[in-house]
Amino acid sequence: MKILSRIYIALIFFLLFAPIIVLAVFSFNTSGSTTQFAGLSFKWYAELFRDSVAIKALQNSLFLAVTSSLIATVIGTLAAFGIDKMRNRKLKGAIKSVTNIPMMNPDIVTGVSMMLLFVALGSILHLSESLGRTSMLIAHVTFNLPYVILSVLPKFKQMDPHLSEAALDLGCTPTQTFFRVELPSVMSGVVSGLMLAFTLSLDDFVISHFVSSPDFVTLPLYVYNQTAHEVKYSMYALCTIIVAAVLVLLLLINFVGSDNRKKKSKRVIKEV
Amino acid sequence: MKPGSFFKKAAAAPHIIWSVMFIVFPLLFVIYFAFTDNYGNFTFDNLTGLSVYTNTFILSIGFALIATVVCLLIGYPLAYFISRTDPTKQKILVLLIMLPMWINLLIRTYSLMSLLDNGGLINGLLQTFGLSKIKMVGTSGAVILGMIYDFLPYMVLPIYTTMSKLDKRYIEAAYDLGCNNRQVISKVVMPLTVPGVISGITMVFVPSISTFYISQKLGGGTFDLIGDTIERQFQNEITYNTGAAISLIMMVLILISLAVMNKFADSDEEGGIIV
Amino acid sequence: MNEKDVKEGNVIIKLQDITKSFDGEPVLQGINLEIHDNEFITLLGPSGCGKTTTLRIIGGFETPDSGSIYFDGREISDIPPYKRQVNTVFQRYALFPHLNVFENIAFGLRIKKVPDPQIREKVKQMLILVNLKGFEKRNISTLSGGQQQRVAIARALINEPRVLLLDEPLAALDLKLRKDMQNELKNIQQKTGITFIFVTHDQEEALSMSDTIVVMANGSIQQIGTPEKIYNEPTNAFVADFIGESNIVNGIMIRDYEVSFAKQTFVCEDFGFAPNEPVDVVVRPEDIDIVPVGESMLTGEVTSVTFKGDYYEIIVDIDNFKWMIETTDKVSVGQTIGISIDPNEIQVMKKSEFSGMFGDYSSFSDELDRLSDMTEGAKE
């Protein structure tokens, strides 16, 4: 039984990663072929880095991920605070449901609906171009918001309600209480919300596909355009770089996280 | 007014305004476009005209259902086996399950396509062994395989999460009360992991039924799914009204099935969602 | 200790006709209370009696629906907590988890922007006061319950409040630690001269620490007085039952100094009732003497004997009413005994809404009592 389960796990993981590994291997292939490995070379990588559109797409992606995640984190954290304190249950429920819509809805519907809004706004305001950087930023903040709230709200719920009262009792105004006690208490949720929003923004393709214009291309949109027709080996290179970056990031988060935990437990032991 | 209540009330205001402007309004636009013609007149034609797409809907629902069921059949045992390994291994395996989720869907689909392509590695290997090529890209099997391949982790992770949170004492109690291994799984583990299964099903079914990239790449243009149809209406043909009508129907379908499933699960468990 | 009804001195806090309800459920129904400078006053009552709400109204965390609250003669009903000269020690302490011991204690001074050297000096003094020297850098999560308790007290006291509010501060501690902290709190109060308003459901705690006890039930005050007064002269059946053990029987006040109960007439020290007014009569179990049957006022059969260490707790059935007696005499179950009650051991009370609810020990069980204590602690 034990062996069977191991084989099963190994098989699934092999199938899960085989395509990506093959892709990575052939990104270093000299010849333009996916069947025969002719020799090691970085020519596809070189080609990729010569492509100014790709570099621009990377810049756009990073700009969008940073700004949209920051905005969503600020709005979302305040919202989680407000929702947590809200006494009116019906209003609370309504806000929560609306907030969850972008998470429940298929991305394509979210994308389409926002595109309709921007196009309509554009024609009302007589804008020459209604889709682009601004519409992308708004869309990304919108689909990031529920995830930020989802990671921050439980932290507010878990917080001892007496903590805020203690701060008020010790002379804090409500605003001071928020910044000195409540925010630090939910910080872990805020940080994970920010990171989640950042990666979701970096990763999004479907919604971006509808609310962007050819003037504002992000990395996923670039990949989409490039893979639309024939096989492009520079895309193999780009995909490999992205996968490697994700891998490093994920390992880093886990490594640093567990390191912190170790440090903390060490300190406790020392003090006890 | 209680002291400080202004700050508390105002805190959620930016979010409320944002949600109304960029979540509620856009959806109202979808409804508006679905019920109007090119000149803005009220009409049911968009919706009634959708009968043309009946086959598309059936095909999409069918593909998504098959993919979801297969994901569940593969994913549930996988989650169970992972939850039974020792803790250090478990951490690594969970990391490996999460890794594909962080890799862009386009990349994963594209890598699978390169493998299955007529000029891809599999057909290359077949030829090397003197066998004839198999046409894979462009078949319904490839599209469904793409869905399974892309979304399997989304099935495994929530199930795994509920399993790992499962109190071990329930299992011990079941053994104590005379269950054998099979009975423990069927009578204790399975009922208690229903919330995870529900969110797994949701997280596979919704993207499967609405995808267009998978069918474009692995269907080779042969299959027209709901996602493809919507995408075409908005990107190429600029027939917003029909596109909006299809989107509306799909949204309503999904919301209904979500509501039904949540009734089944009957819990506020948020644990299934990946954060 | 003085025998006066309440401690004398400047009235620092005055509650006038305070009412409060939550979701239409009345929690406080007309609270009137004066709290004096330098007083250790305890709000005592079962869970849901309104004691914590009263405290929260004084702290500024709740606003009364009607009525006023005065601080030093000035109305403060609408003053937010951060502008009040009171500080609170919260239930389960509410220490800030992201700050260490030093920063927790320094918090109030930091908000007031007190210069750094002064803060350091005052925190040092506080740590000495609460016996936590050397704990400055410690993380809150590494402290024991008792240590957290001390930090919470220091954090409140450093602001030199005129009044310190303590909301069941000892409920989370184990018995031994609780006794130690009781003494320590009392010492701190005497050393600092700050008015302490203490909330508890533990009558023993209240009796041993307070200058004044305020007994509350169902959202109103039942009795205010010194611990001795509360114990010896309860004003109604609720107070008599809640503080210590008591036998409460129906009686008739025949005339001044003469009360009849259990089909007998007794001499007592109470007066001022209407002739033949129905009353509740309280007799504490330790105040009942066992005498030979012939010389007794009442006789009855022993139905249970429980050894309690330094005394026996026995239940005697006298005319179907079960009396509890605490005695050092050895008696056995089934034995018929006589009892006698001295006039000064009889406490006569007016009938109240609580009459008939308490006082008979027919269904008495130690375990039940302890259980209800525990659930009470858990609820609050």
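Order as written gives the chain letters A, B and C; numbering starts at 1 within each chain.
Note that in this section a contact is a pair of C-beta atoms (placed from the backbone, for glycine too) under 8 Å apart; a residue touches a chain by one contact, two chains touch by 3 or more.
All figures in this text were calculated on a predicted structure; none of them were measured in a lab.
Visitor: Any idea which chain sits dead centre by C-alpha averages?
Guide: The most central chain here turns out to be A.
Visitor: With chain centres defined as mean CA positions, report which chain is farthest from chain C.
Guide: B
Visitor: Suppose each chain is reduced to the average of its Cα coordinates; what separation in Å results between chain A and chain C?
Guide: One centre to the other, that is 56 Å.
Visitor: Just give me the whole-number Å value for how far the CA centre of chain B lies from that of chain C.
Guide: Using C-alpha averages as centres, the distance is 60 Å.
Visitor: With chain centres defined as C-alpha means, what is the inter-centre distance between chain A and chain B in Å?
Guide: Taking the average C-alpha coordinate of chain A and of chain B, the gap between them is 17 Å.
Visitor: Mind pulling the chain A residues that touch 2 or more other chains?
Guide: Within chain A, the residues that touch at least two other chains are 168, 173.
Visitor: Going through chain B residue by residue, note those that touch at least 2 other chains and give them in order.
Guide: In chain B, residues 3-4 touch at least two other chains, as defined above.
Visitor: Give me the residue numbers in chain C that touch at least two other chains, ranges are fine.
Guide: 60, 80-82
Visitor: What residues on chain B touch chain A, complex-wise?
Guide: Listed in rising order, the residues of chain B that touch chain A are 3-4, 7-16, 18-20, 22-27, 29-30, 33, 74, 77-78, 81-82, 84-85, 91, 93, 95-96, 98-100, 102-108, 110-112, 114-115, 117, 119-121, 123-125, 127, 149, 152-153, 206-207, 209-210, 212-213, 217, 227, 230-231, 234-235, 240, 243-244, 247, 250-251, 254-255, 258, 270, 273, 275.
Visitor: Report the residues of chain C in contact with chain A in the complex, numbered from low to high.
Guide: 59-61, 80-82, 86-88, 90-92, 94-98, 107-108, 111-112, 138-139, 141-142, 155-156, 159
Visitor: Would you pull the chain A residues touching chain C in the complex into a rising list?
Guide: Chain A reaches chain C through residues 160, 162-163, 165-173, 176, 180-181, 184-185, 187, 267-268, 271-272.
Visitor: Which of the residues in chain A end up touching chain B in this complex?
Guide: Result: residues 5-6, 8-9, 12-13, 15-20, 22-23, 26, 33-36, 75-76, 78-79, 81-83, 85-86, 95, 98-99, 101-110, 112-117, 119-120, 138-139, 141-142, 145, 147, 149-151, 154, 168, 173-175, 177-178, 192, 196, 199, 203, 205-206, 209-210, 219-220, 223-224, 227, 231, 235-236, 239, 242-243, 246-247, 249-251, 254 of chain A touch chain B.
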